[in-house]
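See below for the structure under consideration.
Think of it as A, B, C and D in the order they're written, each chain with its own count starting at 1.
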Amino acid sequence: MEVELLEDLAAASRILADQGVFDAAGHVSMRHPEHPDRFLMSRSLAPALVTAHDILELTIEGESLDPRGRAPFIERHLHAGVYRHRPDVMAVAHGHSPTVIPFSLVNAPMRATYHNTAFIAAGVPVFDTRPQFGITDIVISSFERGTAMAEALGDKSVILLRAHGFAAVGPSVQAAVFRAIYTEINARVQLQAMALGQQMATLDEEEGRLADAMNLITIGRSWELWKRRVTP
Amino acid sequence: MEVELLEDLAAASRILADQGVFDAAGHVSMRHPEHPDRFLMSRSLAPALVTAHDILELTIEGESLDPRGRAPFIERHLHAGVYRHRPDVMAVAHGHSPTVIPFSLVNAPMRATYHNTAFIAAGVPVFDTRPQFGITDIVISSFERGTAMAEALGDKSVILLRAHGFAAVGPSVQAAVFRAIYTEINARVQLQAMALGQQMATLDEEEGRLADAMNLITIGRSWELWKRRVTP
Amino acid sequence: MEVELLEDLAAASRILADQGVFDAAGHVSMRHPEHPDRFLMSRSLAPALVTAHDILELTIEGESLDPRGRAPFIERHLHAGVYRHRPDVMAVAHGHSPTVIPFSLVNAPMRATYHNTAFIAAGVPVFDTRPQFGITDIVISSFERGTAMAEALGDKSVILLRAHGFAAVGPSVQAAVFRAIYTEINARVQLQAMALGQQMATLDEEEGRLADAMNLITIGRSWELWKRRVTP
Amino acid sequence: MEVELLEDLAAASRILADQGVFDAAGHVSMRHPEHPDRFLMSRSLAPALVTAHDILELTIEGESLDPRGRAPFIERHLHAGVYRHRPDVMAVAHGHSPTVIPFSLVNAPMRATYHNTAFIAAGVPVFDTRPQFGITDIVISSFERGTAMAEALGDKSVILLRAHGFAAVGPSVQAAVFRAIYTEINARVQLQAMALGQQMATLDEEEGRLADAMNLITIGRSWELWKRRVTP
């Protein structure tokens, strides 16, 4: 595996902290490029501080393969669940952005407010731990909770976690980061649009599909700008 | 043509990125000072990175005259359409500011909330690609779409693009930049005013005309401050 | 007159720009400490750039005494009007903060949301140029308009100007700056409180009087912090 | 007593200023680790400037033990009241965050919007000085007012002060700082959630208890990031 991949994955953590999507928590992972039943993810560490040396290799059952004393995140099970259920997904980002959380608390489905957030047009489910797991600390901290969340995600690109945060997935680290950032921006735009009026001419599903394809082509322009800010 | 003109046009891109109106996309153009059937615009590049060397010369049909391997933006057709239909316009700025987009989604016309945004008092149309072009990726990516948008703009200074962004035009690069920045600020002010009450004592059309004339005289004070921030 | 006074007045302009209350426009003035029928105010210049060398001396009729080629602001008449009508006022700040403008557009009187904004508890009038001056560019650009605005201010500490901005006055440059900054913050707090509920337990007039007296004593702590940020 | 404790307490003041929870006022204190009837708190000074040399030792009656010319804050009585009534509390933070104040003005109880703010699920009382003390400057400036506020706090982790600010308490300086920061963030999230809909699936009391226990374990990750920003 090329070191550049690890460095991009580490940069992804720092980018999401720099862009205000992550605080002292939050993590990004990628499926192993050679072993689809493994994935790569930082050890438990503030995302702003992650470097390539902090990346662990885990099985999609959520077991660390070569920890060497490095503790994994408890919520590796969230990532593992997605990799088990979605063979098309190559990267996952999970954070607790205060801007997104309101949409996890109320009955107001997220909608795609503009072309940059086109991946939202397919729909954004909300996952609540209570029906299956009862009263808990709401963390996705087990194989079973990871499975349940991945099932709720279905074939979508983003899922909200009630009173907790969200996860964005994609065909590359760049795409998962792009979608995490624009999930947050979409939350801000939609909140303001809903304050102006209830009838919103958001993107429909087919417009969203076409615009998302365009975004995946031009994503490098955003990635380079974001990465530049967190590269010493 | 003087190099200073190209440097101002390049600075305009960096200013709009620095002021938060542009993200990794967004572009500014100016009509060619000697050939009114041509215009100048950056190659496809993140606006924060544009320098005078990145400026292309294009016909108002949207064809690049001397690309030398430099790819133009797809949305050059948006700019070209305006230059074809508005002989008075000398510069165009187009971006996707999250603050402005809510007004492109709902039935809440933008109004001029204070003297700095006086150019809005004449009215701000909203352009929707669907009636003429059906389900698309909503990008202004062809001669025909550029024409349709320019016709929707009419004789106004700003137009909103549904679920996409906005374009601001003016008699100079400085004026187009000023209007792009204050379109965003007006969106923020109007959103807050509408949260307080539905009856707003905004500027009427004639007050707007008088205040806009004053703004065009004092615009250099803002331009110098903004340019200073993006000049190495 | 001591040079330190001029340097504080120049710093006041830079502070209000640094704190986001001023943009490329906005100005602060002080009554001349030895000649109460004169006042001191920057020449027409972006407030972020003002130094002691830019300060002009003007009569309270609005005439510049020693311009030496330095153009005064048109809106010196706003300041002059206040000094003519309010002998207790020693300093005036005028700006166009986007956060404050919503309250100038709708029928929602500003109220004192917490002790730092106690000076608002006495009431905040709104001045509209239309009843006396008809359709204009709304700028306070003449002796007569300055008089009309000062009369609308009455004995208060802040006045809003419809679709334009606001002016804050006080017994010292430090107090006028403090009130300008906390007028903006109060606008933000009140907007959010009104979004939560219409019944607000704001400070009443007597609580405001007591808390404002306390603020005037401890104002130096804020001033030193703000000045430090704009002093090279 | 170890110097590291004093340095952490001084850093706590700078952290809360850096994170925007404190302005030129605001203070943090800790119970003396060896003398539970004493506490440690900065002299009257802008919190951004506090160092270990500025820390005073006070009795829980609010008297300074070794002032050496260093003036204490008037509101030391707020801290003293809490230490007298809550033996479990080891640290107190008090500030005037504009984001929190709206919830002190209206009848909209704070609720725990996500796991980071789980300490709010137990309830957040609002303290109003008027019923007991009548019309005042609303400052917690006496033994009696400190007692009244501490009684209103009861066994909770946060209390709002009407038209004034809030206080957060905890089992360590790190916990009080964490709770002060996330009280502010919760205010922002809840304000936005309430704009979207009145039915909010916030954390219930038992979920809050479980999630708060988890937060207290992982708090060091946030603390290190925050401290790094304010350590020269």
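The definition used in the following text is that a residue touches a chain if its C-beta (ideal position, glycine included) is under 8 Å from a C-beta of that chain, and two chains touch if they have at least 3 such contacts.
These figures come from a predicted structure and were not determined experimentally.
Asker: Using the contact definition given at the top, which chains are in touch with both chain B and chain C?
Answerer: Touching chain B and chain C alike: no chains returned.
Asker: Validating interface symmetry: for the copies chain C and chain D, is the fraction of residue numbers used by both over half? Same or different.
Answerer: different
Asker: Once the Cα atoms of chain A and chain C are superposed, what angle does the rotation have, between 0 and 180 degrees and to the nearest 5?
Answerer: Rotation angle, to the nearest 5: 180 degrees.
Asker: Could you give the separation in Å between the centres of chain B and chain D, each centre being the mean of its C-alpha atoms?
Answerer: So the centre of chain B lies 46 Å away from the centre of chain D.
Asker: What is the distance in Å between the mean C-alpha positions of chain A and chain D?
Answerer: It comes to 33 Å between the two C-alpha centres.
Asker: Do you know which chain D residues sit against two or more other chains?
Answerer: Residue numbers touching two or more other chains: 195.
Asker: Report the topology of the inter-chain touch graph, choosing from line, ring, star, complete and other.
Answerer: If you draw each chain as a dot and join those that touch, you get a single closed ring.
Asker: Which chains are in touch, pair by pair?
Answerer: A-B, A-D, B-C, C-D
Asker: Tell me, which parts of chain B touch chain A in their complex?
Answerer: 23-25, 44-46, 48-49, 96, 98-99, 101-108, 128, 135-139, 162-165, 191, 194-195
Asker: Sort out for me which residues of chain A touch chain B in the complex.
Answerer: Within the complex, chain A touches chain B at residues 112-116, 185, 188-189, 192-193, 195-197, 199-204, 206-207, 210-211, 213-214, 218, 221-222, 224-226.
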